[in-house]
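Both of the next two complexes hold chain A, though its partner changes from chain B to chain C.
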Partner chain A sequence: MSELKLEGVVKRYGQVVAVERVDLHIHEGEFLTLLGPSGCGKTTTLRMIAGFIDPTEGRILIGAEDVTGLPPQKRDIGMVFQDYALFPHLTIADNIAFSLVERRVPTADRRKRIGELLDLIRLPGVEERYPSELSGGQQQRVALARAIAHPPRVLLMDEPLGALDLKLREAMQEELRALQDKLQITTVYVTHDQGEAMSLSDRIAVMNAGRIEQLDTPSNIYGAPRTEFVANFVGKINFLRGTLSGQQDGFALIDTPVGRIRARMAASASFGSDSRVTVSIRPENLRVIHRAEDAGDMNTVAGRIVSRLFTGNLSHVRVAVPGEVELLVEMRPSDLSDAAEVTIGWRPEHGVLITN
Partner chain B sequence: MNTRWSLFLVVPLAVSLVLLVASQSVFLESSLHADLGFGRMAPAWSLHNYIRVLTDDFYLRVLWLTVMVSGIAAVLTIVVGFPIAYVLARMRSRWAGVLMLGILLSTFVTIVIKIFGLIVIFNADGPVNRLLLGAGIVAKPINLIGTPAGVVVGLMYFTIGFAVLLMYAVARTVPRSVEEAAEIHGASRRRVFLRVILPICLPGIAVGFLTVFNMCMGAFTSAALLGGGRVLTLPVLIQRTILFEVKYGMAGTISAILLFSVLLINLFGIFVLRRFRIGRRVVA
Partner chain C sequence: MLWFALAYVFLLAPIVVVVGASFSGADTGGVVISYVQFPPQRWTLEWYARIPAVQYEALALSLVLGVAAALAACAIGIPAAFGLVRGGLAGTPLIAALLRAPLQIPTVVIGIAFMQLYYLMADYSRIDLVGSFAGLLIAHIFLVTPFVTGSVSAVLQRFNVRLEEAAVILGASRWRTFCRVTLPLIMPGVYTGALYAFVVSFIDVPVSLFLAAPGSVTYPVELFHSMEHDFNPSALASATLVTAFSLLLLVGAERLIGLNALLRSGAA
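Moving on to the complex of A and B:
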């Protein structure tokens, strides 16, 4: 186990830039997720860490060692692939022991380690079976056991749950998180599934067009997105555009088409007055105000319901407000009357300022 | 209503029966008649020809030579063909398609033209010998034509295109990620080949070997032209028995021996193959 550093890593294919510039410092034992849409450079970044692709510029360090030019064999990394990539001609025991055989670990130690790992992934007794005899979830657990059999300095996971169905994916997420808590292996995880990233990671790097847009804890990525891309990619979001006109009681005052609203000032961000800004508000933070006295110090706006979508425990309601903006409101179905005209309100701290 | 598509298979079955079984039964029947000379055959059935072939050293040596030459040619063809197929299967540039097309086209050039090309290249005054002589590697020109080695080269030339196409399909079944998994978990390129690529491809390679071997066993043109009348394989012998000796019965018997030895070798091959397992899926 070691820390992992990417310093100014760039990957270009001719004119095409796959990874524009990535600087990352993943701490020892940390679980970091590269999150982004396909083509954002997350897989390329992971494959550069693995050594399957050489970076055009920059350095990759595991611990204190510069591994930039090193072939994958010499990097001491474990990896879990989306399609499991188990060896079809080898038994489960031989699959798990693959790296141990390559590193000439004695047979007795190998057998002991296989037993430990099968207990760890809760699949005891499948030693002599073949991958094709196991289900997808079981195969992926075996792939994980293979990746950590010879304790790797860094564990890489390339959309490992992508091929599983929803129920299994959720169960595997919990299992992965529990394993990570137990093993504390430095892990880089690649996914385009924001829910997965949220529930598994210590930190998330949201990537877009070959760059990291925001590197932060899951709660900050969700609650304090720094760019529109991040806000949009992670969960559902409403945007209100306007101009910053001042400050009051620690809140920013913004003039928008729905009137003057107050929003949270991000500690790190600095905005010149009168600059164009965007306020982001999560749909679950918007509510319907039934009586004016309920509003308190909330921002309020009157609007007209455009559509309602019942999703089970919650309803998604679209409300047209001035400025040709539609706000998405998430609420309990019981909170909604039949009235078409509603007043929407939200607490000032739930509006987050984003740089344009 | 479901169309019963399997019924359509009756047509190819009928064609196969007529072309394969019917035609073979003609020479199988003639193999049971002793020759009386001048193309006449004894009216009664007997095992005379079979006893002759299976006890005469000459015929047994021809059978052995045919199996050896075919076996060596098939092994070498696979050894040369598999790496080519593997590289093609892994190529991501558009040249892969061009190269594939080249192999495909050259495969369907008639063997007669290819063999004459070989004869020109390898004859005593040809470019290969001039190069070897000029470089001082050999003292006198090496002669491939009329030697078993020449026949092996001819058979390889005849089958390599098919072998590459067959092996290409086999190599494509190994996912890139499986190789990468082996690499990242500590295997060198050599070990990846020995522990992963080769074992996964082995059943396919074996099937390819049998296919190439069968083609070699029955190859007439390459053996006749490069053997130059001095290397006798079973197909060449059959032709001579019919054309020069006019012994239809004996020719039928030699054909039957060729047929049954190929059949036996293939059955043995399939038996061995069944013992390979990929997972618990039995191959072949």
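Moving on to the complex of A and C:
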């Protein structure tokens, strides 16, 4: 186990930039997720850490060692692939012991380690079976056991749950999180599934077009997205665009088509007066205000319901407000009718100011 | 069902006739009739006893030749397949077509070409391959290598390269990865190609006909000559023995390859 550093890592294929510039410092034992849509550079970044691709520029360090240019087999990295990549001609035991054989671990120690790992992934007794005899979820657990059989300095996971169905994926998420808590292996995880990233990670690096848009804890990525891309990619979100007109009581004042509203200033961002800004508000932070005195110091805006979508425990209600904007409100199912005139309100701290 | 039955009759009838006739003896007052009779009037094993010794020698030579040609075809064809599928060379389709060329040249032409080449070489250098086993082997390697190249290429094209990446990241060098992962997984293609290579070499007449000399006559050529000069059912008897041997070989190969194919299918 070691810390992992990427310093100014760039990957270009001719004129095409796959990874524009990535700086990352992953702490020892940390679980970091590279999250983004396909083509954002997350897999390229992972493959550069593994050593399958050489960066065009920049350095990669594991612990204090500069591994840039070192072939993958000398990096002491574990990796779990999306399609498992278990060796179909070898038994489960031989699959798991693959790295141990390469490192000339004696047979008795190998057998002991295989037993430990099969207990760890709760699949005892499958030593002599072949991968094709196991289910997808079982194969993925074996792939994980194989990756950590010789304790790696860093564990890489490339959409490891992508091929599993939803129920199994959720169960595996919990299992992975529990294993990570137990083993404390420095882990880089790649996914395009924001829910998976949220529930597994210590920190998330949201990537877009070859660069990291925001590197933060899951709660900050969700609650305080710094760019529109991050806000949009992670969960549902409303945007209100406007002009920054000043500050009051620690809140920013923004003139928008729905009137002057107050929003939280992001600690790290600085905006000039009169600059064009966007306020983002999560649907679950918007409410319908039934009586004017309930509004308190909330931002309020009048609108008309245009559609309702019942999702089980909650309703997603679209409300048209001035400025040709529709706000998505998440609330408990109610007896509001379509086309009803309503007032929508939200607390100023729930509006997050982000750069355009 | 009827269609399948007809197909089987069509495919198997010649073999049945050959095998049946090899056991056929006609008693005409002590004179043995040397022609083919089917169905046999009288069952006998005497033709088996009359197989000339020279045919066994030729058979041994053909077996050695076939095995040597198949092994050499693997030694050349496997690297060639890797080059074609993974080399990323400009002009790969052209190279592939050239490597396939021996399959498209009439085998008689291959035989004549090699014969002329060997005579030329003997005239202009000290290398005399005319009528030698080495000369025969070289021509057969030329003839059969495309089968290995083709079948290994086919397997490689479907090969999941993630498996090799997995081996490398687990600490295996490129060579170790080849030995522990790549080679075992392409073995079905190697077996298939090698089997074809052996069979094509073993049954070849046109190429061997021009290159064989006393002492380096292959089995089918020997059979061909014996039927030209003095046809009698001993040739059928010997052919029946070889057919039985081939059948055993095929069943063995099928079990070997069949097992591998089964293992591959699930998890790739």
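Things worth noting here:
Methods note: the second predicted complex is superposed on the first by the 351 of 356 C-alpha atoms of A that agree within 3 Å, B and C clash if a C-alpha of one lies under 4 Å from a C-alpha of the other, contacts with A are read in each partner's own complex, and residues count from 1 in each chain.
Just so we're on the same page, contacts are C-beta pairs under 8 Å (C-beta built on N, C-alpha and C of every residue); 3 or more make two chains touch, one makes a residue touch a chain.
Predicted model only: the values in this text are computed from it and were never measured.
For the composite obtained by superposing both complexes on chain A, the positions of chain B and chain C are in clash. Once the two complexes are laid over each other on the shared chain, residue contacts for A:88 go to chain B and to chain C alike. Within the superposed three-chain model, A:150 lies in touch with chain B and with chain C [touch as defined at top]. Within the superposed three-chain model, A:332 lies out of touch with both chain B and chain C [touch as defined at top]. Within the superposed three-chain model, A:50 lies in touch with chain B and with chain C [touch as defined at top].
In the superposition on chain A, contact is made by A:78 with both chain B and chain C.
By the touch criterion defined above, A:99 reaches both chain B and chain C. On chain A, the surface touched by chain B in one complex and the surface touched by chain C in the other have residues 50-52, 71-73, 75, 77-79, 81, 83, 85-89, 98-99, 102-103, 130-133, 146-147, 150 in common.
The part of chain B that touches chain A in the complex is made up of residues 175, 177-178, 180-188, 191, 195-196, 199-200, 277-281.
Looking at the complex, you find that chain A touches chain B at residues 50-52, 71-73, 75, 77-79, 81-83, 85-89, 98-99, 102-103, 130-133, 143, 146-147, 149-150, 156. Contact residues of chain C toward chain A in the complex are 160, 162-163, 165-173, 176, 180-181, 184-185, 260, 263-268. By the touch criterion given at the top, residues 50-52, 71-73, 75-79, 81, 83-89, 98-99, 102-103, 130-133, 139, 146-147, 150 of chain A touch chain C in their complex.
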